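In the two assemblies presented below, subunit A is common to both, partnered first by subunit B and then by subunit C.
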Partner chain A sequence: MDIEFQNVSYIYDANTPIASVGLKNINLTIKQGTYAAIIGHTGSGKSTLLQHLNALLKPTTGKVKIEDREITAQTNNKRLKEIRHRVGIVFQFAEHQLFEETVGKDIAFGPQNFGVSESDSLDLAHQMLAKVGLSDELFNISPFDLSGGQMRRVAIAGVLALQPEVLVLDEPTAGLDPQSRKDMMALFAQLHQEQGITIILVTHQMEDVANFAEQVYVLEQGQLIRTGHPEDVFFDETFIQQHQLGVPQATSFALSLRQRGLKLPSLPLTEADLVQALTTYFGKGSVKHE
Partner chain B sequence: MNKMILGRYLPGDTWLHRLDPRTKISISFYFIVIIFFANNVLSYALLLAFTFGVIFSSGINQKFFFNGVRPLFLLILITVFFQLFLTRGGHIYWSFGPFALSQYGIRSSIYVFLRFMMIILMSTLLMLTTAPLMIADAIESLLSPLKRIHFPIDQIALMISLALRFVPTLMDETITIMNAQRARGVDFSDGGLIKRIKAMIPVLIPLFVNTFSRAGDLGTAMESRGYSGEGERTRYRKLTWARRDNIAWAVMLLLTGLLFILRN
Partner chain C sequence: MNSLEVQNLYFKYSSEATDYILKDINFQIEAGEWVAIVGHNGSGKSTLTKNLNGILAPTKGRVIVQGVTLAEATVWDIRRKIGIVFQNPDNQFVGATVADDVAFGLENRAMPYAEMHQRVHDALAAVDMLAYERQEPAHLSGGQKQRVALAGIIAMAPDIIILDEATSMLDPDGRKQVIATVQQLQARRHNTILSVTHDLEEAALADRVLVLNNGELIASGTPSKVFSQPKLLKKIGLDAPFTQRIKQALIHQGLKLPDGYLNSSELIEALWTLNSKM
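Let's turn to the complex of A and B:
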């Protein structure tokens, strides 16, 4: 399911004195099966853009094409359910969406809204709970008795249970401990690889962009200022400095090595790349780990 | 929900913004009281002219203002409807059971409509041009004489300002949670009344839970910074009564004088 933005602009509180621009003339295409990352500073329009991906917001001007459905300012609010079924969104602090009596019921809530029978949806809930790495013993307890990290996992399971074709993640790992962060990112990567799910990740973690994303979109003040592969974006030093963006640790490490006169043949994006580059440099490829 | 401007504040620098919040609040209440003294066409015309005069000279975006108060007029119309058909007196044009369309009914319903309209316009204007925290400060200052009888003004003022402070936060959070549930297939605009009320449960429960936990956090944060209810508090923003506030009250007294000349 391809998603295409054509000249999309969004204005908050349009036609009032407090109107403010959310998005300005965005054009982009996210192809089916891509792992895309959206980066940009706070207030750059990332969350506004993300809400256009399943018609929670409709463009003030321009149109969003989600496969063959066109969303414009005139689009009726009814019949958007199908889009929302196929595009799942994990919001920032997703644990705030939990409300049911038990963890299982909460995970099953989404599928039931889209017409899955109660028993099928509960089966799904068991599967998803396992998928996000939580024990099945939690199935019948109240989500409000869980720890913050567990709640986040349950909320993510609730969106995964929709079995979306496109999974949109708004800083899904913010505030999680390092292990949970790793687990969650590995889970998303697995869904992407095994089921070909399109992943759209909004993040401030440049490591995650470097490790997983195939395409990066950089937003600034509501405008799309750069699109490209992570290498193209992160290795463009002038661009990064101009817009005060961060780079992955491996890249920044290599850059400081270069500053000190180490002539690395290529810049690394990930830790593995960095190790590779260093071994090539020092041992001309002949260094072996003992 | 976006069009509603009740309770919203529009930052600005008009003469209405600059008036002392105490002046604005006391004048608003005073105005509501004197509205009830109007009892004929001329006195209503005077008050209407005053109301619209204030609105037009305030420099507020007119279209935004009137679009924003429109939803409230629906509420007034219901009241007016009862007034219109349940009041009897004078010439009766039409009647059916307890309902009648009479001369007095028509007149009093028009008056009721005008009263409500002026009250709504004025209080909306007050909210639009006064920052919520200023309102809380003004209430505290206006109620301060009650301290003599050991009424806990400080605590009440703190409660009011905290409540006002968290209105926008809660609004944002409601929208965020509604979006999250919409993304999970909840349709808030579909189905009958019962179905729509049921659709609000997944919004209300997280909202309550978050609000309680936020209140707890806020209490902890305040205590850890040494807050306690007792003790004289000094303040960062000082309210200052200026010449324009005297002028505003002089205008109000003039208006009252005129009103009593014009009324029967």
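Let's turn to the complex of A and C:
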């Protein structure tokens, strides 16, 4: 299902003396099956935008279209359940939301809330636990006896158990060690490839944007200031400098090399691109190793 | 005299537990040294930190802070010598304004108003947050919050500052701000710094790195020594730093680059040298 924002503005505490702008006239379309990334500085409106994706917030003006449902300021809070079933949001530090006695019950809570029977939801929980790469032995233990990385996975399994068509991820790997980070990003890529789930990733990790996203949306002070493929955005040096955005490490390293005098013909987005570019530059790599 | 010393430390949460969470940990940190402890999530890093200032008590072994063994009778004195900045910036605020928050620890010690005022002022200046003195902490960015948390510690003037994953929840900008502040503290105030982290770019700035895996110290040395062991790092889920990964891949492709860990500017120079020889 496609998601479309039409002239969406959101004002916090509207009509009060402390009113402040959260989003300003946002227009965007995220097509079904896209891997999208939303980037921008702290306070740029990323989280506000994210909460519009399943009507946790409703636009002050303008409308959000989620497939054929239109959400406006006037939309009644009833009948939003279906949207919340189909658009799953994994919030920052999702492990803070765990509450059940056992891992299994925690994962099954969401589906049960949406009317799935107890036994079906527990079956689902077993499947989702495997999907996030955790052993079934953890099913009956307390989620609070797990490590931080494992707790994060359980929380994600809970959202996946709703079998959403759109998965919204707010800084899903913050605070995780490098290996857990890689595993988790691989899991999302797999869900995207195998099941065609739309992924909307909010992140500060430009490497993840470079490695996975097909489309980037850049927010600044509540406004959408750029949309494009990661290359279009990250290779636009003037734009990046003007808005003080980070770029992937590989891109930044290549830029420093250019500054030092190395005439690299093209810029890399990922580490593999960088190694390839340097290998070609130095005329090596014709001999295939391994 | 060592600033901090850990001797044969073992720890488990309950006496019935069969496995120790920390096993035979031994290390010393000199005054003014910056040591990074690295390890994956669940390797025992935070448990170790909590053993250092008596939040947890070692099951066996000793923690010695500036020559004094940590025990029930000494814990309050020792806590004055060690300040900890924790991971989550939002969990460490109590004051209504930035200045109130920094003053909190000093008020607890019943410090006279004039001295307290001066200390808060100096601490906020040290982390470059003086302009935000009257702001609500909730309105700051993550990096600013952690700098205020750091100011709260600086105001107490401990000799040892422990950063327990203090940058892992920050965006790249916030991380840079906090690290730069810590570097200044080490240089100007000669604080002993112990940073517990899984960010190897951060650990690369330390004088020495200790590697913790499954509750055991399995390696230690300068960052360049530890980071030139990519297999070891990979095995324990840490991956090598960016420049090391790139350098290894290039060597694999047949480029002649120097051994050992190179930071970003060193690798750029090495590639530049290679370029000049072409």
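Note that the second predicted complex is superposed on the first by the 284 of 290 C-alpha atoms of A that agree within 3 Å, B and C clash if a C-alpha of one lies under 4 Å from a C-alpha of the other, contacts with A are read in each partner's own complex, and residues count from 1 in each chain.
In the analysis below, a residue touches a chain if its C-beta (ideal position, glycine included) is under 8 Å from a C-beta of that chain, and two chains touch if they have at least 3 such contacts.
These figures come from a predicted structure and were not determined experimentally.
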{"item": "Which superposed partner A:N54 touches (first subunit B, second subunit C, both, neither)", "value": "first"}
{"item": "Which of subunit B and subunit C A:G175 touches, first, second, both or neither", "value": "second"}
{"item": "First, second, both or neither for A:K131, with subunit B first and subunit C second", "value": "neither"}
{"item": "First, second, both or neither for A:G158, with subunit B first and subunit C second", "value": "first"}
{"item": "Touching partner for A:F253 - first (subunit B), second (subunit C), both, neither", "value": "second"}
{"item": "First (subunit B), second (subunit C), both or neither touched by A:L262", "value": "second"}
{"item": "Contacts of A:E271 with subunit B and subunit C, given as first, second, both or neither", "value": "second"}
{"item": "Touched partner set for A:K24, first subunit B, second subunit C, both or neither", "value": "neither"}
{"item": "Residues of subunit C defined as touching subunit A within the complex", "value": "39-42, 87, 141-142, 165, 168-169, 171-174, 198, 200, 237-239, 242-243, 245-246, 249-250, 252-255, 264-265, 267-269, 271-272, 274-275, 278"}
{"item": "Complex interface listing, subunit A residues touching subunit B", "value": "13, 15-18, 51, 54, 56, 77-78, 81, 84-85, 88-89, 91, 94, 96-99, 109-110, 112-114, 144, 158-159, 162"}
{"item": "Touch list for subunit A against partner subunit C, complex", "value": "41-43, 147-150, 174-180, 182, 204, 206, 246, 249-250, 253, 256-257, 260-262, 271, 274-275, 278-279, 282-285, 287, 289"}
{"item": "Touching residues (chain side subunit B, partner subunit A) in the complex", "value": "2, 10, 61, 63-64, 173, 176-177, 179-187, 189-190, 201-202, 205-206, 209-210"}
